[in-house]
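The following blocks contain the structures, represented as structure tokens.
Two complexes follow with subunit A in common, the first pairing it with subunit B and the second with subunit C.
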Partner chain A sequence: MAIRGESNATPATDVGASSSSRMPWRVAEVTTVIEETPRVRTLVLRVPDWPGHMAGQHVDVRLTGEDGYQAQRSYSIASAPEASRVMLTIERLEDGEVSPYLAAEVRAGDRFELRGPIGRYFVWTAAVGGPLFLIAGGSGIVPLMAMLRHRAAIKSTVPAYFLYSSRTVEDIIYRGELDRLAALRDGLTIYHTFTRQQPEGWTGGARRIDRAMLADACPPRERPRIFICGPTSLVETAAALLLDLGHERGLIKTERFGPTGTMT
Partner chain B sequence: MAAIMTVPPVSRGFRGRTRSGDASNRLPPGQHVTTDFPVLSAGPTPQPHLETWRLSLHHGDSMLAEWSWKEFEALPQSVVTVDIHCVTSWSKLGTTWQGVTIDALLEAAGLSDPPAPFVLIHCDGGYTTNLPAEDVLGGKAMVATRYDEEQLAPEHGGPARLLVPHLYFWKSAKWARRLQFIEDDEPGFWESLGYHMYGDPWREQRYSGD
Partner chain C sequence: MTTDHESDSAPPLDGNAVGGLLRELFVLDITAATLTCGGCGITALVGDVRVFGGPMGAIFRCVHCDTAVMRVVHTPTGLWFDMRGARNLHVTPHA
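What follows is the complex of A and B.
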């Protein structure tokens, strides 16, 4: 992580922001629900006075029950900064409190509160440059999709390599759009790997992300800007392998979710 | 602090979990209990070698004391059981840690008082976080090396991390290596990127301006 540089290079405006006004909660209204996979939905939101965001940022969502009970969670933004609506893509976690509601019950016209955008580290802008090496597992694709959508929207042609691990073909989130983006032939290459079940005749990846896959997708000599998002085990593994392959620590940014299992 | 009072919209059909009285008293606003231990880090997990590991105490640019792993392990140990609160809204109740309090570190360095009013924690990987000195004294903070009696795993900050449970958990910096006391507060890593300078979960100081 080029963290020290980031910290030392703190713009004065950032420090000033700490005395600025509080980021408000805004009321978001669901305009459309898109079923992405059996377990994943995208909520298209109308957010009045949305201040705009960078690809890779997230929001806090707050739900309020009829009895006033509130629950709050963080979700990555899926839409490009250029999109007219804010989109969140949510995976239903079996034991979740909020995700089963957002990923199953919510329908067009429903409203909840939203606060953001948040986070200025795990972001990609044209100024960050490329090549871009994106690595995701499951719903870890969401902030990376915002980056790919942004890249397409600004017609960037920086080479982008996207290695995406899904359980099965049916679990690929944004499948059709990924195919369309790859077909633009603007420098984006997508590698799929399937960990549970491979389609018939599949010759691509058929296992968890490993050293060979990472080495094949993008060599260290290209000095890519790397973003990894997924379950902790995937992120830990991929980040360690990338360092071992010779990628620079300062070019690797990670975002993790999910439990670690045990603490040992 | 212009408070805009709005009535939050009811999210149709949202009921949430059954709330247990005990847990809700212990939960700061906007938090929920997790029984997992999620990992959040900005980059690859460092793998420091204990043979070369050092923890040092600084006042500005001058080093006051330094400990090898062996020396650090020989310092007086404390065990605490505390609730921890992550800014991403999970809280974990009743977590047990062992380590060396900052009070004990200062004492081992021959100091009766902190040398400056603020402290910047520097970590492997370049991460930093800032705190008022008074928030790490009086038993309120330690450099922790064990969780639940086990050596702290690398992804959770091992071999040694700061533990400041009364503030949001990003202040409990993983892979701590250098405690630098400074005269003027300066933002650390997340504090430079839109997160709150102090981070009190009970006042819900998540982001700049909160």
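What follows is the complex of A and C.
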């Protein structure tokens, strides 16, 4: 898919100049591509005049074909606000319209349109406080990783509990960095569970996230700020179990993947 | 505007997911604003409301009573916005 490069292009679908000045489409250039797992890549982007973002926010990405056909998807920002570049981590979906390009074809130097940052709801800042209870399945880790990176960057020591469900060890996104963050011993505890295949000798979680795992990871009496991101079924199951365990509704924030898994 | 339940077979998103679409209408990011349902009077954060649709159009539905509290849709003639189902929208200054 060819990508339109003009930053001042006004798409037919915009309602007028005022909308693009509020949150304009910007042309992002890929500077580096990082292979995270066989199905997941991180794109490091140069975004002119990027206004900065908060951990947990997302962007809209728009690709334009040579025939003018446009496809638009939302992707969570993986990088901390402190990072010098905006990073998106994208999982390849076989039937996806946008992700096969971003997760397989795109190369350093390629450009595409992006707007953001978007969302004030699924956001963690130091002012939100802690403890933090993060729950993710697969590429649902992306906005939560921005929170963990931000927490490390500001040297926050609020307790953070991260429950992460992956299919196998090889599917853990940011595996090395998660190990390094946990080794800092600054109050972060990471619990892995593997739903398809467990490493030899593994004594941790070996099933989908369930009530016992949620109860063990962080009790309601700590009144954690909870962020859940992943496939709809995981998000809804975890949120219902957490309410049943006694966590407060107002402290639980969710981010579901779309029907085609577009919201990473 | 499409019929209300046309897109209901697809699983819903969170209101937060279509924050970009809302920014085409609002000066502020309203995903952390509070919306009061005109049907049952319950309040919820816009980012927490169930949304059906995508970047070209979305229906926001009350979690409690299923009332369509907001509808936003792109058409060839422009952008339509319908808030009949909401009693009010409370936007607080960002921290």
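Here, the second predicted complex is superposed on the first by the 236 of 264 C-alpha atoms of A that agree within 3 Å, B and C clash if a C-alpha of one lies under 4 Å from a C-alpha of the other, contacts with A are read in each partner's own complex, and residues count from 1 in each chain.
As a working rule, a contact is a pair of C-beta atoms (placed from the backbone, for glycine too) under 8 Å apart; a residue touches a chain by one contact, two chains touch by 3 or more.
Quantities reported herein were computed from a predicted structural model and do not represent experimental measurements.
Engineer: So, does A:T254 touch the first partner subunit B, the second partner subunit C, both, or neither?
Structural biologist: both
Engineer: Under the stated touch criterion, which partner chain does A:G201 make contact with: subunit B (first), subunit C (second), both, or neither?
Structural biologist: A:G201: touches no partner chain.
Engineer: Which partner does A:G52 contact after superposing on A: first (subunit B), second (subunit C), both, neither?
Structural biologist: A:G52 sits against neither subunit B nor subunit C.
Engineer: Thinking of the overlay built on chain A, is A:D60 touched by subunit B (first), by subunit C (second), by both, or by neither?
Structural biologist: Both partners.
Engineer: Is the number of subunit A residues in contact higher for subunit B or for subunit C?
Structural biologist: Comparing subunit B with subunit C, the partner touching more subunit A residues is B.
Engineer: Which of the two partners, first being subunit B and second being subunit C, lies in contact with A:P38: first, second, both, or neither?
Structural biologist: Once the two structures are laid over each other on A, A:P38 reaches no partner at all.
Engineer: So in the superposed three-chain picture, is A:A127 touching just subunit B, just subunit C, both, or none of them (first/second/both/neither)?
Structural biologist: It touches subunit C, and subunit B stays clear.
Engineer: By the touch definition at the top of the document, which applies to A:R22: first (subunit B), second (subunit C), both, or neither?
Structural biologist: After superposition on chain A, A:R22 lies in contact with both partners, subunit B and subunit C.
Engineer: Considering only the touch criterion stated at the top, classify A:F112 as touching first (subunit B), second (subunit C), both, or neither.
Structural biologist: first
Engineer: After the superposition on A, what does A:Q72 contact: first (subunit B), second (subunit C), both or neither?
Structural biologist: Both partners, subunit B and subunit C.
Engineer: Is there a shared patch on subunit A that both subunit B and subunit C touch, and which residues make it up?
Structural biologist: Shared contact residues on subunit A: 14-15, 19, 22-23, 60, 72-74, 118-122, 232, 253-256, 258-259, 263.
Engineer: Going by the contact rule at the top, pick out the subunit C residues touching subunit A in the complex.
Structural biologist: Counting only subunit C, the residues touching subunit A are 10-17, 19-20, 23-25, 27, 29-32, 45-48, 54-56, 74, 78-79, 94-95.
Engineer: Which residues of subunit B touch subunit A in the complex?
Structural biologist: 1-2, 4, 6, 8-17, 19, 30-32, 34, 36-45, 47, 88-89, 125-128, 147-148, 150, 153, 155-156, 187-194, 196-197, 206-210
Engineer: Could you list, by residue number, the parts of subunit A that touch subunit C in their complex?
Structural biologist: It is residues 13-15, 19, 22-23, 58-60, 72-74, 115-116, 118-123, 125, 127, 232, 253-256, 258-259, 263 of subunit A that touch subunit C.
Engineer: Using the touch definition up top, name the residues of subunit A that touch subunit B in the complex.
Structural biologist: 1-7, 10, 14-15, 17-25, 27, 60, 62-66, 69-74, 97-98, 101, 105-106, 110-113, 118-122, 232, 236, 239-240, 242-243, 249-250, 252-260, 263-264
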